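As written, the chains take the letters A, B and C, and residue 1 is the first residue of each chain.
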Amino acid sequence: MTAAIAVDRLGVIFDRFHALKGVSLDVQPGESFGLVGESGSGKSTLLRAIAGLAPVASGSITVNGKKLGTRREKAFYREVQMVFQDPYGSLHPRQTVDRLLQEPLAIHGFADGEKRIQRALDEVGLGNGFRFRYSHQLSGGQRQRVAIARALILEPSILLLDEPTSALDASVQAEVLNLLEEVRRRRKLTFLMVSHDLAIITHMCGRLMVMQSGEAVENLSADDLVERRVTKDYTRNLLRASDGFVRA
Amino acid sequence: MSADAIQTRRDWLLSERPASRMQARLGRAYVAWRRFSANRLAFLGLLIIIALLVVAATAGVLAPYSPTFGDLKGSRLLAPSAEHWFGTDDLGRDILSRILYGSRWTLYVVILVAIIAAPIGLLVGTVAGYAGGWTDAILMRITDIFLAFPKLILALAFVAALGPGIENAVLAIAITSWPPYARIARAETLTVRNSDYIKAVQLMGASPFRIVLRHIMPLCISSLIIRVTLDMAGIILTAAGLGFLGLGAQPPLPEWGTMIASGRRFVLDQWWVAGAPGFAILIVSLGFNLLGDGLRDALDPRSGDQ
Amino acid sequence: MSTLLDVEDLRVTFPTRTGLVEAVRGVTFSLGRERLGIVGESGSGKSQTGRAIMGLTPPQARISANKLAFDGIDLLSVSPRERRALRGKRIAMILQDPKYSLDPVMSIGRQIVETLRTHEKVGKAEARDRALAMLEAVQIRDPARVFDLHPHEVSGGMGQRAMIAMMLIAGPEMMIADEPTSALDVTVQLDVLGILDRLVSERGMGLIFISHDLRLVSSFCDRVIVMYAGKVVEQLKASELGRAQHPYTRGLLNCMPKIGADRHPLPVLDRKPEWAA
């Protein structure tokens, strides 16, 4: 079986800063894979490099068996979509939900726009009442639902998730995580999800990679993490930190 | 209309759940309008501009005399009176009539300059800001060259090369007024080009052209409208200045600047000949400035979207 | 336990275009020399409560309370000058992001020295020594070097430590920390909390710890206040969080993913209108 995403010794350099130093990764179709690390670990950069938003200096990325060049073709975006971290920054401030969802359909020349928009809104649990609102008329959770609808409307097979719930309240986070799991099951999607929160990653993903300063620390399964079968100190530290504060 | 009907209409406009594209758009416009009309001075500015439009449209009906032919024998340089409200000039023409007709030329200049200069500035600024690199460097250096000269001097040079006349004056003013718009558009573009919502559009496979045209330009337009409105007064004054120097509208065209120029010879004894068009320029410039200030409060994206 | 802060029926009201909005609606609690957590989601009024105590409420808002007293001083009736003198000297506040609360054009050391010298009459050399000692107390390894650095030259965790040093230099008796570690990485978060914890217990300060993270707060504080829609829905000992009564508190605890708990889908919070009533 060809991997959904295969990343081979990928290097990313921003103005002489090595954000990624030869990271390799394989994600199988239908799998949910997590990337964990602290700020500066390069986890978001890896996601953005796959999406074509970061300058690749070395190595290669293969998606569904096709090797990607520096320029992404239009067809690529029907395979891979992304949900951003900040729901307040990822929706255009002057466009209604309707307009936001219409844009990808117009770019890819879909004729049945009406129906698709309705379906996408229903799927993320928003319904028609939200269709003509502007983003400032929506709460954080509603915005993130719109962003998910926008990513799904082109029917991609791979979804890149960049800390999709870290800007949300805990109760809203649960709703959005449930929604993501549901659409993954229904559409048999492949997830590549970035988070700093080990609990979220073990909840959402089967396998994960721990990253630190642009390099892979170790690859684990979610079960390894639950059973605390980790080999590296860095991972152990992260695990301890996620248990909360312990008075010395 | 009953109070209830007004109330339901307002509710419809301010609905949190608009049911159609149209309702959402009208609702947004209504919120901006409410913010705008709460500002009394801005409202006054709007009234002045509306009055200008009405006068320009109906000058033929409003004007009591011909703007170009006067009674040379009996009515040269008459002081303001019941017959000639603003007096007459040295060729016996009724100044009120000339001012009323002159409003057409003022509007002509202002509108033409705005529709030539604003789109050029918007295009140059957004393309430079979004493309970056060499494109940005070249476009912005050209802009800098235009900005390096005083506006009126540059306009004078253009008119001198193109020949005097109101069309050439418009062209010269337009050529000299786009660079600031390009700067504004570029600055706005730079603040939004790295935002996630522009990245999201890139991730849909949109072409750079589409991103600039459909996603970046709409964000720059409100600050541009504000700036253009505030510049209107300056444009009128530049046009009047060119007219005054004999390089803009040519007599007998009743353009306000030209009128002041021809009245300057009698400014001490027959002050109304130059004073009346001067006052007209003052009022209209004030109107545009007040309107621009009000628009800034109503449209400014930084003042929040509520 | 002596009471440091007494709050009774605190209300903060903001005028908006559509009428008055009450951000805080009758909050009552008292603070001794202990660690008190205030937990709630965005819009619960937790931050506005902290700001009202600190006197940092925006000027257009109205504050009312039956009682808002710090160590017997009525905070609502003191003059702005006395209030300023209290702030920093006896009451300190740490905000979420050190990037926005440190002056970007002044070195960290100078900011700490200035803070000290506005509240106490000390010589330059002594102020410098005390600032260096304070930087050491917040576990900055090379205080002499950090002293001369500007805020943009240090990491988030270091910046927050410097912020804590600056806030503690005048020896306040009460500290309000509004999401002090939310912008930090998890491992750094624990270091900073450890420092805060040690300083608070060593100096016998009262601490109000405002956060959205119920689990973090309960592992750090002695007592927790849970806020919802501007009201306190529950007050309890942190150790008894597992026995929380209010459905909101329980829902909040429940809906977070936990390592090892295999719950698909996650339980979600079913908000009842009567909670806000």
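Quick note on the criterion: contacts are C-beta pairs under 8 Å (C-beta built on N, C-alpha and C of every residue); 3 or more make two chains touch, one makes a residue touch a chain.
Values in this document were obtained by computation on a predicted structure and should not be read as measured data.
Taken as a contact graph, with one node per protein chain and an edge wherever two chains touch, the assembly forms an open path, each chain linked only to its neighbours along a line. Farthest from chain C, judged by the mean position of CA atoms in each chain, is B.
Chain B has its Cα centroid 47 Å from the Cα centroid of chain A.
Our note on geometry: chain A versus chain C, Cα centroid distance of 32 Å, whole angstroms. Mean C-alpha positions place chain B and chain C at a centre distance of 51 Å.
With touch defined as above, residues shared between interfaces to two or more other chains in chain B number as follows: 306. Chain B makes touch with chain A in their complex at residues 16-21, 23-24, 28, 195-197, 199-206, 210, 214-215, 218-219, 301, 305-306. Residue ranges on chain C touching chain A, taken from their complex, read 41-42, 156, 185-190, 193-194, 197-198, 212-216, 218-220, 251-252, 255-260, 263-269, 271. Contact residues on chain A toward chain C in their complex (touch as defined above): 38-39, 140, 169-175, 177-178, 181-182, 196-200, 202-204, 225-226, 237-239, 241-242, 244-248.
Residue ranges on chain A touching chain B, taken from their complex, read 51-53, 72, 74, 76-78, 81-82, 84-86, 89-94, 96, 98, 103-104, 107-108, 129-130, 132-134, 136-137, 147, 150, 154.
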